[in-house]
Each structure stands twice: as C-alpha cells, then as structure tokens.
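In the two complexes below, chain A is the common chain; its partner is chain B in one and chain C in the other.
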Partner chain A sequence: MKNFLKLTNFELNRFSKIYITLIGLTLVMQTIGMILLSSSYMSDVEEQLAMGNSMEWITINLGTFSFSSLTRTFWFGGPIIIAIVTLLIYVFFIWYRDWFGKNTFIYRLLMIPTARINLFFAKASTIFLMVLGLISLQLVFILLENELLKILVSDAFREDQSLKQIIFNFDYMGVLYPNSIIQFFINYGIGFMAVFVTFTGILFERCYRLKGILFGILFAGVSLLIFISPILLQVTILNEFFYPIEIFILMAITGLVVISGSIWMSHYLLNKKIRV
Partner chain B sequence: MIEVKDITKKFGRKKVLNGVSFTANKGEITCLIGINGVGKTTILNAIMNLTPINSGEVLIDGEKIHKESYEKITFIPDAITMLPQMRIADAMQFMADFYQSWNQVRADELLSFFKLDPNDRISSLSKGNTAKVNMLLGLALDVDYLLMDEPFSGIDIFSREQIADVFTSHLVEDRGVVITTHEISDIEHLIDKAVILNDGVVLREFNAEDVRENEGKSIIDVMREVYQA
Partner chain C sequence: MVLKRFWKLIALAITIVAILVTYFIHTAIVVASQFPDLEIKTISGDKSVLEHIAITGDYYQEEGNSSPLIVTLEGSTYYEELSYFEKLEPYFPPNEATKLKDNYRNFMRGKMYNPSSFFDNEEHLAYVGAEISDWGTNYLPEYYLEVDVLNKETNKSHSFQTDLPGVEEVNHVDVLKAQVVKENLYVIVKLNYLLADQYVDEIKVYTMDISSGQIVGDQTLFDPSEQSNKDRWSHLSFLNHHSEIGSGDNLLLVKDIGRDLEVNQTDGFTDEIKSELLERAFYIYNISTNQLQELQIPEEHYEKLLLNEFNLSGFVFDTHVYISYVDEGNLVVLSYSLENYKLESQQTYSLKELDMEDSNIKIIDNKIYAVENDMKNTAKIFVGDVTTGEVLYKGEIVSKQNSDDRNDYSLNFYSVKKN
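On to the complex of A and B.
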C-alpha cells in the first residue's frame, strides 16, 4: 500500500507540468473569452443606447448576456476539448514513455520491490485523479467566471444562471457533470473501466509487440461484449424481460467482471510476460 | 547462489538461448563472456524477470524471483535507468523511497569516490559520469547479488579505471557479482569464474584461478581455444 501511494505520488509529479499547463490554459482562455465576449456585447449595447434605443428594445433585439453566451464558444469548450484529448493521449503515454524515453525507466519500475500490479494501479489512479481534478476545478472556474460576468455586464442586460443551469444548458457538460449519483457512477464507471481495459491492451502490446496489438484489440472486444451482454440478451433472446433497474444492476456486475478480468490479466502479463 | 537452469529463449523464430545453465556464487565475480548478440543481456534480463523465458528456471538462493528478491539482487543495465530530468540527488531519493536495502552512507561514499555532484542533472552528465551514477545506484543497495551489463562499454579510460577499482574495493566484497562483457582485457584479473557463451549455449564454465594454476592459461587463452576450436 505504501509503495502504491509512493508510486502514485511519483506519477502525479511526472504529469504535474502538463497538468498545470492545462489548468492554466483553461482558466486563461475561459477568462479571456468572457472578457472579450462581454465587452463586445456591452459595446453593442452602448452603441444602441447612443442611438437612443431603450433598454427594453435592446434586450429584446440584442438579447441578454448570460453564461451560456460563453459556453457555446470555443473560448469555453476549446480548453475542455484540449484537456480531454491530452488525457486520452496520456492514457497511452503514461506507459510508453517508460519504454521509449532516453533512459529506459521501465527497468527501474519493474525492479522495485513491490507487487508489479501496483504500477498498473498507480498509473490508473493518476489518470483518475487528473480527470476528477480537472472536472472539479472546472466547476470552481465556472463559479469564478460567473462572478466576473457580474462585474463586466450590468444587471439590466444580464441573465443570471445558477451552476446547475449553466451545466444543463450545455449538452456535453451533462456527461461530465451527471444529474444524479447513479448517472455519475455510470459515466465515470464506464470511463474508468475503459482506462483499465486500454491499459491491459497496452500491456498486451508491450508483452507480445505486433501480435500483442491483435491480442489487445481482441481483449477489448471481448470486454465490451461481456459488458453489454445484458443489453444484447435483452433485445435478442429475452425479449425485454428485465426492468431497466435490473439491466443497470446486471451491467454493474458485468462491468465489475470486466474490471476484475482486466486487473487479473494485467497482473499476469506484468509478472510473467512483460519485457523491457 | 544464483542458479540458471537450462533456460531457453526465443525471439520470434530465432532461438537466442538454447539451454543455458550456470551458477554464480556469493563472494565471487562471475563473468559472462561472448560476442555481441550472443544473449548475455537476455540472460541478465531473465534472471531479473525482465523478460519471459520459454523453458528452464532461475533460482536465487533456491527460490524463484519474487518481489522481495529485488532487495537481495539488483541489476545495473548498460544504460542508466533513471529519468533524465532527475538530479543525482533525486535519483538517490527515489532509491531511498522504494528500497529498504538502500544504504545512504555507502551512496555518499560512492559520490565522493566517483567525484559526482548530487545537484547535477542526469541528462547533463557525460557518458562516463552517467555510467558512474548508474553504478552508484546499484552499489549503494545492500544486496547480496549484483548483475552488471557491460559496465565498461563506451566510456573513457579514466572512468573505466575508477569503475574497475570498485571491484577490488569493499564495495563489492562478499557479494556475488555477475558481469557481462565482450572486452575481457579490462577486468580479466578481477574475475573468479568465467562462463563462455556462443550460439545460445554455454561452451565452457570454469574457475579462472584453477585454469591459471593447473593449465597455466589465462581466460583469453581459454577463449581462443573455445572459439577457434
């Protein structure tokens, strides 16, 4: 356990520079976006006021300014997409850099006097913590940017939104910030299961190289089949036999089976088949 | 004792090790000798469970390698196994964090012996100094067995001399050392036991002192006989 925590801390530190850059990029881009968009809106408002149009006329014709005016632009979504893509690349990079760096660090990692599966767990935990960290920080940023909006746009032209409204007015934010705890476990459970399966696929490739890519794809395919088997049965042989809640429970079980299979297989590969 | 028992290893269709067996004792320096590509590094990797073998087994003090074994045996590969952005001090801290067998007093002794600055980044070190740091990270572990892969390869004469001095010092005394080389001349006088490899098999395993006394031959003489036979 102690070694797992040390390894996780080590992995987190290795990613810290990129991570801080991502956080900085998100905050800076979203803040600049808010300032530019709100100033542009306010200059339009001032222009209309100078032309003698009433405030009511302006809010009807120009519309009010709300947080959604920012979330629909690249200023807001861009850094989120960049962060997601970076983390997706990092799922692969977190393993491959140990083999392909200037110095082959994988020798050292595999010779640490601890269960090798701890490497797997430490790398997975790093990804999970990074994802959850970014998601939480984005919430804080939304609150800060909302306060900034109140400073930049006067009450009369502003439509205030709660955090919940901001999130649910924007399609894919609902995936990142689910509406219920069950939906949270579904979304993030599937995400983390995918990370586990991808890690196992990477280990297949690292053990068997070219042939391993095929094994990895096969493993991912079988995992997917196992995971969605309740749905497949439901729509084919069982003819809508289960209630939705039963399907949910069955998929939670198949999800756990996939995660356990992934951990077991990775444990086997790291101990018996891995090569530097 | 390290026992390598009839190990075979294939890379694709190519059989790199074809039933290799030998033993390496504590308190002795055992040298695996052979030309490049003969499988010396693969044997060391196999001993450390860093590559799977197709058959045979490796025992360390009668046991198959397991996680605790890495407190008892260590491997110094031919390239340093620490991140380039680390300072020497960071690398030592990493070792101290993960190994109970890390001996900081010995590490400090090695730092001054090799005249290394702990604040230097690994990426900024010369080839010779990188090899010395690599050596330091292995030697500062209180382990019974040390495996070294080509420790003299591609480094300057003075660094070679310094590293060779380590073998005759208390830093290595009482430990079992397995070393690979394709240039025997630098360390011939240090070797207790030689294992000559070719085409994935052990051609001859002998005690250097016995051969010197009984047959009046050096290791190079035996190599000449074996390879030219």
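On to the complex of A and C.
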C-alpha cells in the first residue's frame, strides 16, 4: 500500500507542472472571457442608452447577459477541450515517457521491490485523480466566474442562473456533471474502464511492439464486445427480453469482468513479458 | 513526515471529495426543492371518494423544468424526483399493464405495455401487440400481430405470430382490445389507411384459435368503402378506457362524420382548414354475441354532442354505458343499460361554480371524476355519483407551500386512474 501511494505521489509530481498550468489556463481564459464578453456587452448597452433607447428595448433587442453567454464561447469551452485532450495524450505519455525519457527510467521502476501491478495502479490512479480534480475545480471556477459576472454586469441586464441551469444549458457538461450520483459513477466508471483497457493495450505494444499494437486493438475490441454484450443480445436475438434493471446489473457485471480482465492481463504482461 | 511527502496527493484527494460531495448534496437539495409539493384541498364533500384514485399529468415551469407527476390524497410524486433505479422503469405513471409485470415477470418480457393489448381474467393472461416487421417500398409499415397467451393454471404460455388477413397497405394498426372467450382469442384492431385520397379508419375483429395459432374468423365492423364520400371525413374512436385492462365484453364506439371547410385560399396557400362535425353515432359492440347495437341519442343531447366535438368521454362499467360531455359549464352524463340499450338516466352537474373551463372526465365505480385541465398552477376536482346525480366532492389541487413566489408554473392533468 505504501509503495502504491509513493508511486502515485511520484507520478502526480511528475505531471504537476503541466497539471497546474492546465488549471491556471482554465481559470485565466474563462475569467478573461467573462471580462471581455461582459464589457463588450455593457459597452453595447451603454451605446444604446446613449442613443436614448429604453432599458426594456435593450433587453429585448440585445438580449440579457447570462452565464450561458460565456459557456457558448471558446473562452469557456476551449480550456476544457485543451485539458481533455492533454489528459487523453497523457494516458499514453504516462507510460511512454518511462521508455523514451532520458536513461530508460522504466528499468528502475520495474526493479522496485514491490508488485509490478502497483505501477499500473499508480498510473491509473494518477489519471483518475487528475480528471476528477479538474472536474471539481471547474465547478468552483463556475461559481467564482458567476460571482464575477454579478460584479461586471448590472442587475437590469443580467439573467442569473443557478449552477444547475448553467450545467443544463451547456451540452456536454451534462455528461461531466450528472444529477444523480449513480449516473456519475456510471459515466466515470465507463471512462476509467476505458483507461484500464487502454493501459493494457499500451502494455501489449510495449511487450510485443508492432505485433503488440494488433494485440492491443484486439484486446480493446474484445473488451468492448464483452461490455456491451447485454445490449447486443437485447437488440438482436433476445428481442427486448431483459428489463432495464437487469441490463444495468448485467452491464455492471460485464464492466467488472472487463476491468478485472484488463488488470489480470496487465499483471501478466508486466511480470512475464515486459521488454525494456 | 507522511503529510509533507504526500501533500500533493492528499490535497488533490481532499479537494475532489469535498467539492463533489458538496455538489451532490447541493444537487439533491435543488432537485428536491425544484418541484412544489401538491396536495388536494377539499372545498366540500368527503375526501374518501379520492381514495385509490391517482390524477396524472405534467408540470411545466417557465425556466424549463418539467416533469410528469402523479397526485393522490397522499401528495404528489414527480418523475424527476425519482431515484435512478425508479427511473429505469420504462413507464411513468405506471399503468395497469406495468403492474402485471410484478406478478408475471417472465410473461411480460419484451412486451409493449399498452393496457388495451392485454386481457386478464382468472384463467388467462393474453397479449396481442401490433408490431412492424419491415417497411415496404412505399414507406408503409408491414404489420404482424405478436400473440402470447398464458394459461394461469398450468403456468405455460403459448406464443405465436400472425399476419393480419385482409390488410394490405396500411398506415397504422392499433390493437383496441384482446379478449379470451373459451378457446378463442378475439382481437379488435383499428386500421388506418388511404382510400381514395382520404385516410379512413376500419375496425376489424379477428377470432384466433389459441391452440393452433390460426385466425379462424375475420370480420369488419365498419367498412369505410361503403361510406366513403369524397367531401366527408369519417373517424372511428373507441371510448372505453384505454388505460384499463377490461375483461368486459362491451365496447363503446363513436363514429364521427364531418367535412373540412376550406377557409382563405386567396393567397394560394390553404392556411386554415376548419372542420365541421355533421354526424355522430354511438355503438355498443358485444364481443361474445358479436352484436353491434346503435345507441339512440335524444335530440337535445345530439345537437350539443355535435357542437362539442372534443369534450366527449365514454365508459362501459358493469351493466351500464355512459356517455358524457361538457356543455357551457355543465357536465352531462347519459346512462344506457347494457340489457336493452335504452337510455336509463341522465344527470347534469353544474361546474360553473367551480369555474372549470376545460376538464378531463373519467367514470370509475359509478362515480364521475372531472379534473380541470387549464394550464394553471391549481386544478379543480369534481366528483359526482352517476346513478343518483348527487355531488359527492369538490376540491382543488394546490401547492402546499402556498406562497406567491411559486406561481411560475403550470399543471396539465390529463388522466384520472384507479390506483
């Protein structure tokens, strides 16, 4: 356990500079976006007021300013997309840097007197923590930016939105921030399962190189098939046989099968087949 | 020492847990306070007439929150407030067919939970579903009937599929009723298809031999080709409870004939078509005796029934058929005996005092229920006895919070059910 924690902490430290940059970038870009958009809106409003138009006329013709005015722009979505892409790349890089960095670091890692699967778990936990960390901090940022909005735009032209409305009005945030905690576990459970399977795929490549890519893709394909097999059965030969709750239970089981299969396979590869 | 070494890990973990836990607590509170708790407030009469009654509808809020809901004497239940697992149930509010699932879990697998597709008595549970096998080259669906009959004594079910004889190019097939009589399964379907440039309805009664799975009888109740008139439209509707699995033999049908009046064709576009109802006839079809009997409507009611095209409801209960309509604030109920098909009594209840403009009517156990459906934040309820004409209850669905800041929503009730 201690070795696992040490390794996780080590992995976090290795990525912390980029990670903190991502957090900073998100906060800065979204704040700048909020300031730019609201001040441009307010200057439009002032222009209209100067032209003698009534406040009512302005709210109808210019529209009111709400948090959604920000979420629809690149200022808000851009850093989120950059963070997602960075973390996706890091899912691969977290392994390959140990092989391709200076003086094959993986050699030392594999020699640490602990179960090698701890390496796998530490890297996976690092990815999970960083994903969840960004997700949580984004929530805090939304609240902060919402307060900023209240300072920048006067009451008359502002449409206040609750946290839930902000999330509801922004398409893919519904997936990132579901209403029910079970849906949260489902969404992120599927995501983390995909990370496990990708890790195993990477290990296949590291063990068998070119041939390994093929094994990795095959492994991912089989995992996907196993995971969605209840749905496949439901829509093909079984013809709506299962009740929704049964599909849920079956997919929870197949999901666990895929995760255990992935861990077991990675354990085997790390112990028996890994090449440095 | 440990703290110092792992501080990044610990800080990140604490941040995540703290924020996400707060978020989900916040969300749970927001969801819970999003919808007003509704209750039924009595204006006059005895509340007990609403026991085992569920009023279902939709809730709309200006900000975009909406949810189906059920109101009973115990209070209100919103679909959006249900747990994740409760939401997995495909139907809300539950209907009579979904309730069958609890007792016949295996039999109910893969079926469409349309109550009129089911028949339930002491010996049998039967299902007939109109399903689409393919789409033809002319983009019309090709239907077949999926039949499943459970013998409750042996607990064995017999399922088969059958084409619809005499049906070629149809637009839509609707199963109106299934009924097991001895060894036969009677299935009543409504077909909708294009005949001489007009969509027409046709009602067919198929008799199936359960053991062989063969259709042994095929009868048309209303043949549209006989009455096809290019200038007129005709609709057949089935007034018995769609929401209930009746084991009764009698079906109440209404046949409407009308015409479309074209208004405003000067600009080259037909921008408005007004429809006018010309004839309206009511029939009772008895499945066991295979008899179709027209009900005689007294002149004074007939005129009003033509004027109130959409304010019509009809029910078959026990030994009586009821036809009910709302006219100028009055709720009128005509009761016909099923023995001789004669008008036995007529009741008129005044809804004026309750100021109910638009309402949904239902007759359950000799009581008539009217629930206001006017997209307001309250809804009036009226209950009357159809045999005596007595007013049993008047009430209103209101918000418990009773505060003025929550009037940004509207309620739309569309059904009253036995719970």
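The criterion applied here is as follows: the second predicted complex is superposed on the first by the 276 of 276 C-alpha atoms of A that agree within 3 Å, B and C clash if a C-alpha of one lies under 4 Å from a C-alpha of the other, contacts with A are read in each partner's own complex, and residues count from 1 in each chain.
Just so we're on the same page, a contact is a pair of C-beta atoms (placed from the backbone, for glycine too) under 8 Å apart; a residue touches a chain by one contact, two chains touch by 3 or more.
Bear in mind the structure is a predicted one, so any value in this text is a computation, not a measurement.
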{"item": "Fit-or-clash call for chain B and chain C when the two complexes are aligned on chain A", "value": "fit"}
{"item": "Contacts of A:Ser180 with chain B and chain C, given as first, second, both or neither", "value": "second"}
{"item": "Touched partner set for A:Phe105, first chain B, second chain C, both or neither", "value": "first"}
{"item": "First, second, both or neither for A:Val276, with chain B first and chain C second", "value": "first"}
{"item": "Contacts of A:Thr114 with chain B and chain C, given as first, second, both or neither", "value": "first"}
{"item": "Touching partner for A:Thr86 - first (chain B), second (chain C), both, neither", "value": "neither"}
{"item": "Chain A residues touched - chain C or chain B, whichever exceeds", "value": "C"}
{"item": "Partner chain(s) touched by A:Gln30 [first = chain B, second = chain C, both, neither]", "value": "neither"}
{"item": "Chain B versus chain C - smallest C-alpha distance in the overlay, whole Å", "value": "10"}
{"item": "Contacts on chain A seen with chain B and repeated with chain C across the two complexes", "value": "none"}
{"item": "Of chain A, residues touching chain C in the complex", "value": "5, 8-9, 12-13, 16, 129-130, 132-133, 135-137, 139-140, 162-165, 168, 177, 179-184, 238-245, 248"}
{"item": "Contact set on chain C toward chain A in their complex", "value": "5-6, 8-9, 12-13, 15-16, 18-20, 23-24, 26-27, 30-31, 63-64, 83-85, 88-90, 101, 105, 109-110"}
{"item": "Interface residues, chain B side, partner chain A - complex", "value": "45, 48-52, 67-71, 74-75, 77, 79-84, 94, 97-100, 122-123"}
{"item": "Touching residues (chain side chain A, partner chain B) in the complex", "value": "3, 6, 10, 14, 101-105, 107-108, 110-116, 207, 271-276"}
